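Input: structures, listed below.
Below, chain A partners chain B and then partners chain C, in two separate complexes.
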Partner chain A sequence: MTAAAREQAARIGETRGDRLRRMLSSRVASVVALLIAVLWTIPTFGLFINSLRPDQEIRTSGWWTFFTDPEISLYNYNYVLYSDSQGGGLFVNLINTVVITIIGVLVPVTFAALAAYALSWINFRGRNALYIGIFALQVVPLQMALIPLLSIFSRGLHIGDFTLMPAWDLDGVYTIVQVWIAHSIFGLPLAIFLLHNFMRELPGDVMEAARIDGATHSQIFRKVVLPLVTPALASIAIFQFLWVWNDFLVGRTFAPGEATRPLTAVLGDMAGTWGFGWTRLPAAAFIAIIVPLVVFLLLQRYFVRGLLAGSVKG
Partner chain B sequence: MATVTYSGATRIYPGSEKPAVDKLDIEIQDGEFLVLVGPSGCGKSTSLRMLAGLEEVDEGSIYINDTDVSNLPPKSRDIAMVFQNYALYPHMSVFDNMAFALKLRRMPKADIKQRVEDAAKLLDLSDYLGRKPKALSGGQRQRVAMGRAIVREPQVFLMDEPLSNLDAKLRVQTRSQIASLQKRLGITTVYVTHDQIEAMTMGHRIAVMKDGLLQQCDTPRTLYEKPGNTFVAGFIGSPAMNLKTVSLTEAGALFGDVTLPLSREVRDAATQDGGDQQVTVGFRPEHCKLGAEGSGGIPVEVDLVEELGSEAYVYGHAAYNDSSERFVVRTESAHVPRLSETVYVVPEPGHEHVFHASTGQRLN
Partner chain C sequence: MDISAYLDRFGLLAVGLIAFVAILMALYGLAELASRRDRNRAVATVFLAPAVLFLLVGLVYPAVRTFAMSFFGSEGDEFVGLRNYAWAVSDPDALQILINTALWIIVVPLLSTALGLVYAVLIDGRTGERVYKALVFLPMGISFVGASIIWKFVYQYSGTGENQIGLLNAVLRGLGLQPVNWLTEFPMNNFLLMVVLIWIEVGFATVVLSAALKGVPIEMIEAARIDGAKPAQIFWNITVPSIRSAIVVVAVTVFIATLKLFDIVRAMTQGHYGTDVLAHNMVEQAFRLNNDGRGATLAVLLFLLVVPVVIYQVRNMRRQELEAR
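Let's look at the complex of A and B:
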């Protein structure tokens, strides 16, 4: 049998998944992927190089001159992290972003998991209508909800003279609560939708077996469902994490004060509005990148698995 | 130790007019092995799931011992169930799968360990307690599912086609293991299958269902010897009984020129309730002989012969009038007729089954 014939024979009975896998793992595909990866990484790489160069150099020449005339300075890092002057002291903003992100991820993912379980495995009236309603909420653009939400926080909810909820009157550091709530609200519909699809795929037999074994809904949720949807939970958490970490608009709107300002808001100021110290921007931007990079590298296993979930069986 | 009673239990699925299970009445004795059997969609699985508490009981009730469990959640019924796909918890080891229910009951750790290990020994699973279900073969998974039910020491075992995912050889082997295990444990068992051989070999009693209605519930022997209607007659036994609807004469049932004599009472009964001078007669392939020409047998032209070694089955169609009725006859493999030869089928007297032509009920 010739090589071609053998290859032909190997392809008989091949599923679509097999073919896709074979095509993606060919040598040509690998080279193309590598090229794309390098191309895409160049700007980030340049940013990294620039962040390590002295101010004067950044101002007068491109980052690639670094290779002919290497000169390293950590001045910019030092300045943006610890300086008291304008455009410095990013360390505080970094902490703000971390605090915003931790709660802004944990709360929506937790609620989404609970909601997705209820929507997929508890029978109650109006379940489908509720699910479709939540799904439909995704079409509301975030920007449209900003002003209503802001007015709820600052004026409360009233029907005529009747007060449903008084104004919150949050100030200073406490405005961070508004950011948490806003991020949770904006993140929930998609998270519920994705997790619902994932949980729905779990075998019904297993749920029934757990019920017969004497488990209540909360026990089924904790001991059977959660361990089985961990990859999905992780990938949704990563998505939400990246979204909240990189968010500019919500943070700007709901936590405008100095005490709660996230990293992104400061970066924005550096680049645009006042135009001060753009030479320090590379260092500041790199500080903002590091955490997501580390999280992504640690959890990429889940990330890929979560993306593929449902499409490839077994 | 428990009895189970279905009392007019009915299940109507939402959006459907016709009940999936219609007024089911069965009493199951303590320690009995009852098999629910029927073609797919007959309501046997639904009946089991009603007992498990996974389906609602729309009318009537179900009792375990003297307790009405119709509205109790599954966890309060003290039952254990083995599913067709085993439904093992994929993220737990074999040990944890079996211990899950006991842990939920907050049983002391040492007792759990004891019980799980006993069950594992019983099922030959001791070496696999640390493995995940993914790393087990089909037969081992099936045993884990059994083990999960056994450690509970429940009032009632429920089994929903637990063997249908095994290969043929393993199925036969596991069949006898389950039956002997049940005998040893003495726990009341309700077993669902679509396989009549499984039903015949395992059940103390068999409930045959069709279209949500209970057809007959009796011992395997009675079902075989005295099927209550044409459905049960055709369902139990393999190959299926020869069931033919023919004209009724003064003497008996008329197959072409051959008359199968019927008693006077049977003939009278057959003419009532719109019998229309017809009667349905059945005889099993193993209860007839091949006679010579002129022996008074029904002439049949041979289409196919299946030789099984010890015996042979002769398939053919009637060679009288223009009838294309099909017949099956068992014969010794020493005397096998040739293809397209005409043979004469003589039903053994005393082994014929007579049914009403329109109601299908048994007459003799």
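Let's look at the complex of A and C:
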């Protein structure tokens, strides 16, 4: 066997990546990839280290000094969660976030599933036009809706002198209801679009067979379609979960009170003013980050599948 | 801590959940009724009613209303014609906001997509590819606010100069240079804010493009190589064209996210030091300065900027579907 033939043989088993890398001169490629990976990780890592250090240390030295002079304190975590003093007591905001997120995910995903089923498997006139209309709504940025939606809640909906819906006049904890509704509305277009894509792909003869056996649409939806689109539902629920949990703008607009805001909204303004309590920010931020991060890592597969379904949040 | 202080929130959650289940059961009952009579239109109405109602009241009507409001004054009762739009394109502060926004929507999608592509190519097929991908993908799970806090500590500047606790300034000092107050230095601060968003979006770009790379036919690359094509030629003439539509999807998605960016500007500088952008100033105008007219105008501008891109995206997707057939 000649050297060339041996080389040829060795290359048959190699992957596409191997080949590309060989072309891009392997060593440089390795160094660059490693460099990017490290650069991308260090900032988060630094915040985590900082969150475990005592106040005075955060104030006077960088997080990297932790490795020469390790000093661990959970004081900041305790303070931001439970202290009655300024910048503390965020536990209540964490609860707000949880309460907002549960309904803020459940409602839009359910309503979107119902709508997507009707748009894919029930024959009625004007179906395509309606679908295109909902699809187009993805283009409307939520900023377009903020001012009028808030005014609907606070002033009601009127046509001339006729009151279509009275003002809600919610205050205190009840403003959370407004956040639920806002998140449900803003999440719908994308969720309907994605679920419609998935449901349309289901085999028509299964549906047909069920119809012939006398199953009604609601039965088909519950017993045939829902089990089949569970992975799609999961990926959409994760999208919506990340969106709601990490949201800043909707929360601070619709539940403006200090005690009713979700955690991320409080943090956003704390970071913006960078006031007296900035040394508590690493711990507070980490509390807000850790839940979505864990969910994200555990369910990454579903999330990526959703991303690859050709989705754009509009 | 006193658990009872939080009971009202859980009470609200319980009521919300019960109401939700009740609505679902009512809808189900109605759908059953309509189904038995085999009335497709009625069944479809029941299935679509909640979503359509939400969208009409919460998105369609408000969008139309916002459009109308952009022609009215700060209180929404005095018709001012195009005065708000004239303000947006002539006032020096407003112009700065438009310029900043333009910079954002050019720089962030371009760099995020390019970096994501390079990284995806570099790690494709490498041992530990999944770990490499996960490390860069991780910021996608972090909120914009969380990311801002993370980066604010990187950029932090301490006036005394001795002990710099921000990573960037510590590096500068290590090199024997003077520390910089990064976030107040215009125009550089704009780019430092962009870094935060790029840091988040590169992971997204990597994951989508890396999946697309797996679909590039090996035979084509192999043939080109045998014909003596150089690596760079292969990259530009085969790899990039093969995943062109994925690149477009990534760039457009990042573009839209960038345009609607509020959180990072809010949490980093609150729009001071010449860093304000459209989506952030829109909220400032509407809710802090109580100028509904200007707020609505900026929202409309935002909308007008998104539309052509989404149309392009839809065309791109349709062509992709046709090609797949």
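The working rule: the second predicted complex is superposed on the first by the 259 of 314 C-alpha atoms of A that agree within 3 Å, B and C clash if a C-alpha of one lies under 4 Å from a C-alpha of the other, contacts with A are read in each partner's own complex, and residues count from 1 in each chain.
By our rule, a contact is a pair of C-beta atoms (placed from the backbone, for glycine too) under 8 Å apart; a residue touches a chain by one contact, two chains touch by 3 or more.
These figures come from a predicted structure and were not determined experimentally.
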Inquiry  = Tell me the contact category for A:I95 with respect to chain B and chain C: first, second, both or neither.
reply    = second
Inquiry  = For the three-chain arrangement built by superposition, which of chain B and chain C touches the greater number of chain A residues?
reply    = C
Query = Can A:P203 be said to touch chain B (first), chain C (second), both, or neither?
reply = first
Ask   = Touching A:F248, do we find chain B (first), chain C (second), both, or neither?
value = second
Request  = Determine, under the contact definition given at the top, whether A:F193 touches first (chain B), second (chain C), both, or neither.
outcome  = neither
Request  = Based on the superposed arrangement, let me know which partner A:L228 touches: chain B (first), chain C (second), both, or neither?
outcome  = first
Task = Using the touch definition from the top, say if A:I122 reaches chain B (first), chain C (second), both or neither.
result = second
Ask   = In the superposed arrangement, which partner chain does A:R211 touch: chain B (first), chain C (second), both, or neither?
value = first
Ask   = Is A:Y79 contacted by the first partner chain B, the second partner chain C, both or neither?
value = neither
Message = I'd like to check the shared interface: which positions of chain A are touched by both chain B and chain C across the two complexes?
response = 216, 219
Remark   = So, in the complex, the side of chain C touching chain A is made of residues 1, 5-6, 8-10, 12-13, 16-17, 20, 24, 27-28, 31-32, 35-36, 40-41, 43-44, 47-48, 50-52, 54-55, 57-63, 65-67, 69, 115, 118-119, 121-126, 129, 132, 134-146, 148-154, 163-167, 170, 199, 202-204, 207-208, 211, 213-214, 216, 218, 221-222, 225, 231, 234-235, 239, 249, 252-253, 256-257, 259-260, 262-263, 266-270, 279, 282-283, 286-287, 292, 295-296, 298-300, 302-303, 306-307, 310, 313, 317
Key: In the complex, chain B residues that touch chain A   = 52-54, 73-75, 79-81, 83-91, 100-101, 104-105, 148, 152
Remark   = In their shared complex, chain B is touched by residues of chain A numbered 203, 205-206, 208-216, 219, 223-224, 227-228
Task = Sort out for me which residues of chain A touch chain C in the complex.
result = 15-21, 23-24, 29, 32-33, 36-37, 40-44, 46-47, 50, 58-64, 82, 91-92, 95-96, 99, 102-103, 106-107, 110-112, 114-115, 117-119, 122-125, 127, 130, 134, 137-149, 152, 157, 173-174, 176-177, 180-182, 184-186, 188-189, 192, 216-219, 221, 242, 245-249, 253, 264, 267-269, 271-274, 281-282, 285, 288-289, 292-293, 295-297, 300, 304, 307-308, 310, 312-314
